[in-house]
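The same subunit A turns up in both complexes below, where it pairs with subunit B and then with subunit C.
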Partner chain A sequence: MQALKRSLEILKSSPALFILLLGFGLFPIYTSMADLPFWNDVSMRIMLLGMAALGLNLVLGFGGMVSFGHAAFIGIGAYSVGISQFYGIDNGWLHILFALLFCAAIGLVIGFLALRTKGIYFIMITLAFAQMLYFFFVSLEVFGGDDGMGVDRASFLIIDLWDPLRLYYLIWIALFAVSLLLLLIINSHFGVILQGIKDNESRIEAMGLSALHFKITAYVASAAICGLAGALFANWQEYVSPDIMHWSRSGELMIVIVLGGLSYIAGPLIGAIVFFLLEEFLPELLYFIAPDYSENWMIIFGPMLIAVVLFTKGGLMAIFEQLHRRITQRQNTT
Partner chain B sequence: MTKVSLELKDISKSYGALRASHKLCLSVNKGEIHALIGPNGAGKTTLIKQIYGSEQPDSGQILLNGELINNTSPSLRVRKGIGRSFQISNVLLGFTVLQNALIAELARKGKVFRFFAPAFSDPSLLSGARNILEKVGLLHQSEKLAAEISHGERRLLELALAIATNPQLLLLDEPLAGAGAEESRHITSIIENLKSQHATLLIEHDMDAVFKLADRITVLVEGKTIASGTPDEISNNSAVRNAYLGDGD
Partner chain C sequence: MTITLLLEQVFNGIQSGVTLFLVAAGLTLILGIMDLVFLAHGAQVMIGAYAATGFTLLTGNFYLGIFLAIPLTFASGYLLEYLIIKHLYKRDHMEQVLATFGLILFFNELIRIGFGPAALFSNLPPSLSGFVYILPETPYPVFRLIVIFIGLALAIGIYILVAKTRMGAMVRAGAANPDMTAALGVNIHMLRRFIFSVGASLAGVAGMMLAPLTVVEPGMGEPLLILSLVVIIIGGIGSVRGAFIAAVLVGLVDTIGRVFLPDMLRAFMSQSAADGAGPALASMMIYILMAVILVFKPTGLFPPKG
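Right, the complex of A and B next:
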């Protein structure tokens, strides 16, 4: 009870996160009134992408480790569901447990090996591990290889997911829990030291702390969160294939984070929303201007991303923060 | 009852053909300030790095309170009682002065793998952090970002972080570097006031400060000890005068 109270208390420290979570929670009411059930589906995709990006951001934004292989953990989470079902395990809670355990274990191994390197080497090693896992699943013919495997929406004991809204709220609760967890972590003893390592690793070492231990711990936690997102993703998509862990997905996660603002807890969620809206509407917009190019919406998105990075120095969240500051200043002066 | 805190036995280290440390022997006792002086490039910082553990000697032994620590990592050496300030300020620039001290206090207490306990709002950590800043007189800048304070104040913060873990052996690499005259006096008096609490190895180019603070002085030139003794002995040593103090009589 105490913990819950503190969690809700701490939510006040990030109004943006609170508003976003509330927005996702109330969104189905809007879609049912406006009769746009398709948008529930979009919202679920955004929440899942946002959840994975939140997980990655623990190492990327708060730990300063540029991991270029986190899609692998989404994939492992998703395959945990598919493979469990293949062997007749239908309990969704067990699927999630497996996803968390496998991702944590594999995250521990990858983190242990990769975190001895820095900079470009770390990026390349994490990418290499992710590619290994990708081709491992491509080669697993039993589980569909390249073509992947079908997944039934799992049953979560009394709660089954025949009604899409139940899946929606399962994902929402998971997103809520992950957000709160991360908010608590980044404000915790562990979290401030992790951010200290990002700022200046040699000073943290000079305080008698082994930076590697903190980095590995963060890496494992972040892998597990991506695994959770992956397990829910399999339920949402009702299908898993190696495609989910393609390297471009890892890049997509990083883009989402950078777009939203990597030093903000709510950054990945904002990034996920904007990224999906752009992915949805930029092609249509482009179709009006230059129909032949409408598939290549990245042509416009690329420069937009660069502009955001160059001019905001902290993603979209930095813009919101500045706006907020200006408004409060104006209120104070009048 | 003097207690030897640090003892170096025949430390040698080369960078290729360059001898940075040549059979160096040196000890620092508790409550004592041992100054290490010498011209630029003499190998002073290199020696500190070997004591701290970020560089390995090619040969020789490093003993901390009698224990051989040659093969331990820097962070473990800090936990065993070494505190270090860097020649170039090495603080957490993106954090406030108070947060810098608070993280050091957190590290000292060792309760670091706590994932839910809030750090920056913890009253006992905050008071510990304020204590640290009070020792160096930096409390008035608590809320400023470490990147925004003056150079001299950053030297103070650097010193504060070095002593925050209550080290038995304090390694100070040019604590006065770049500080103004007033600040230099301030930092010198802090080092003097704290000297009884640990063994201090002090590298410094400011000779006024060195002769004011040091109980013993070792002079290093091109990786070799050319003299070692009390301040009086050193100031009267002709080899030192010729090689370094250079007031050519």
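Right, the complex of A and C next:
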């Protein structure tokens, strides 16, 4: 009870996140009333992408480490499920445990090697490790190589996932837990120091703290969160292939974070929603203007991305915040 | 038999290495001098390949196609810098990654709209499609040999330009301290635009030389971009000499690994498994090479002095 109370208190400190999580939780009620089961599927995809982006945002937004290889951890998480099933382990809890352990272990190795470098070198070495893992899974012919492998939805002891709604709420609970965990991390001693490192690393070092230890810890945590998202993703898609760890997927994760707002706790979730809405509606919009080219929605999305980078500082969350401030100011003056 | 095969693969490795160098040479200067993470350099390769193939199909003459395509790649680089890139220099790396990622999406889609999603094939004129004997009984395609020569000639040209000319002195000064260089009266904006356009044309030339050897399709530049990023990291960001050595190294490791790894793997596993795993493991080897080098030399083999 005490823990629940404290959790709710923390959630209240970030109303945007609270509203989003509530919205995801209540969404199936709406879809069942409006008879739109397809949108449950979309919502699950958004939650999974958002979860992975939340994990990446810990190092990217709060730690200032531009990791260009986090899709690899999603892949490792997903393959943890596929490969476990291949060897006859059907327990979903074990799958998640394996995903977390493997991602944390590999994240530790990559973090230890990559965090020796800075700036462009760091971006590139994380990309290189992700590519290495990508080609590793392509080379594993036993597990389907390039073509990937089919995955059955795992059973979680007494709960099995034959009903899509059960998977929906499993993902939702995971997202809730990850959000809460991140809020706790960000507001903790550790989180404050991590953000301090982002602003001024040498000052943190001068205080007698080892910046590297904090950065590696954050990196491992974010890898594990992406692994969890990957394991659930495998259950959702019922299929795993190296494609989910392609380097452009890592780029996609970054896009989601920047769209929503870097270093806002709710930013990745907003970004994930906007990203999928764009993917869904840009083709339809194009269909009205130029029906022949509705497939080519990237021609609008690309320049849009450039515009977001050039003209907005802090993504959609920053815009919301400004609007909110303006409204409250107006209320105060009247 | 194995000696001729090895020699052939060494030549292929050098050929892919010099092609890689043409992409990496411009990119290492863009990364080093402008401190700009530019991911759309692969798109320049694609533009070069499509321009050459398109003009060749249009005029019916391979040489004329190349002749017309080179100025186009220069112009595309110039325009890109003028319209978008110059606004990105002062931004942080993260924003540069995203904006140039957006450029990749845009260019790939543009090509898809313009030329269709299917791959184009670029045919060599008869004068270039023959073979020469590099050793008795070892025929080698003329065109690949020409690619090696052009790559080496351009490498020497870039070296002279950077190390011996007034322009090169400005480039090097701009790399060491852009503000001071600007204060001394060098137009740093024009200098950046010049480097960027030359880099774009070099990548374009790489694309033109690749076009007859592989297929011309949307997104064809991205694998080359990732490889050339590896080359730049191994060679040291901003070092043209490092890029050259690393490019040849990566080209050789990749090509020779692709041919000989399946053979070596057959000792441990079944033939079909080895054939499947070999090429992927060869691709992995490059990244392992890079990781090992970075562990011992975190700023690459030849970090530029400054």
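The definition used in the following text is that the second predicted complex is superposed on the first by the 328 of 334 C-alpha atoms of A that agree within 3 Å, B and C clash if a C-alpha of one lies under 4 Å from a C-alpha of the other, contacts with A are read in each partner's own complex, and residues count from 1 in each chain.
As a working rule, a residue touches a chain if its C-beta (ideal position, glycine included) is under 8 Å from a C-beta of that chain, and two chains touch if they have at least 3 such contacts.
The structure displayed is predicted, hence computed values, not measured ones.
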On the A-aligned overlay, A:60 touches which partner chain: subunit B = first, subunit C = second, or both, or neither?
second
Going by the contact rule set out at the top, does A:30 touch subunit B (first), subunit C (second), both, or neither?
neither
Just checking: does A:120 make contact with subunit B only, subunit C only, both, or neither of them? Give me first, second, both or neither.
second
Between subunit B and subunit C, more residues of subunit A are touched by C
Report for A:299: first if it touches subunit B alone, second if subunit C alone, otherwise both or neither.
second
Determine, under the contact definition given at the top, whether A:255 touches first (subunit B), second (subunit C), both, or neither.
second
Once the structures are superposed on A, label A:141 by its partner contacts, choosing first (subunit B), second (subunit C), both or neither.
second
Share the list of subunit A residues that count as touching for subunit B in one structure and for subunit C in the other.
none
Please name which positions on subunit C make contact with subunit A in the complex.
31, 35, 37, 84, 87-88, 91, 93-95, 97-99, 101-110, 112-113, 222, 226, 229-230, 232-233, 237, 272-273, 276-281, 283-284, 287-288, 290-291, 294-295, 298-299
Of subunit A, residues touching subunit C in the complex
60, 66, 68, 113, 116-117, 119-121, 123-125, 127-129, 131-132, 135-136, 138-142, 145, 247-248, 251, 254-255, 258, 262, 293, 296, 298-299, 301-306, 308-310
Subunit A residues within the subunit B interface of the complex
3, 6, 10, 184-185, 187-193, 195-196, 199-200, 202-211, 214, 217
Can you name the residues of subunit B that touch subunit A in the complex?
52, 54, 73-76, 78-79, 83-84, 86, 90-95, 99, 102-104, 106-108, 111-121, 161-162, 164-165
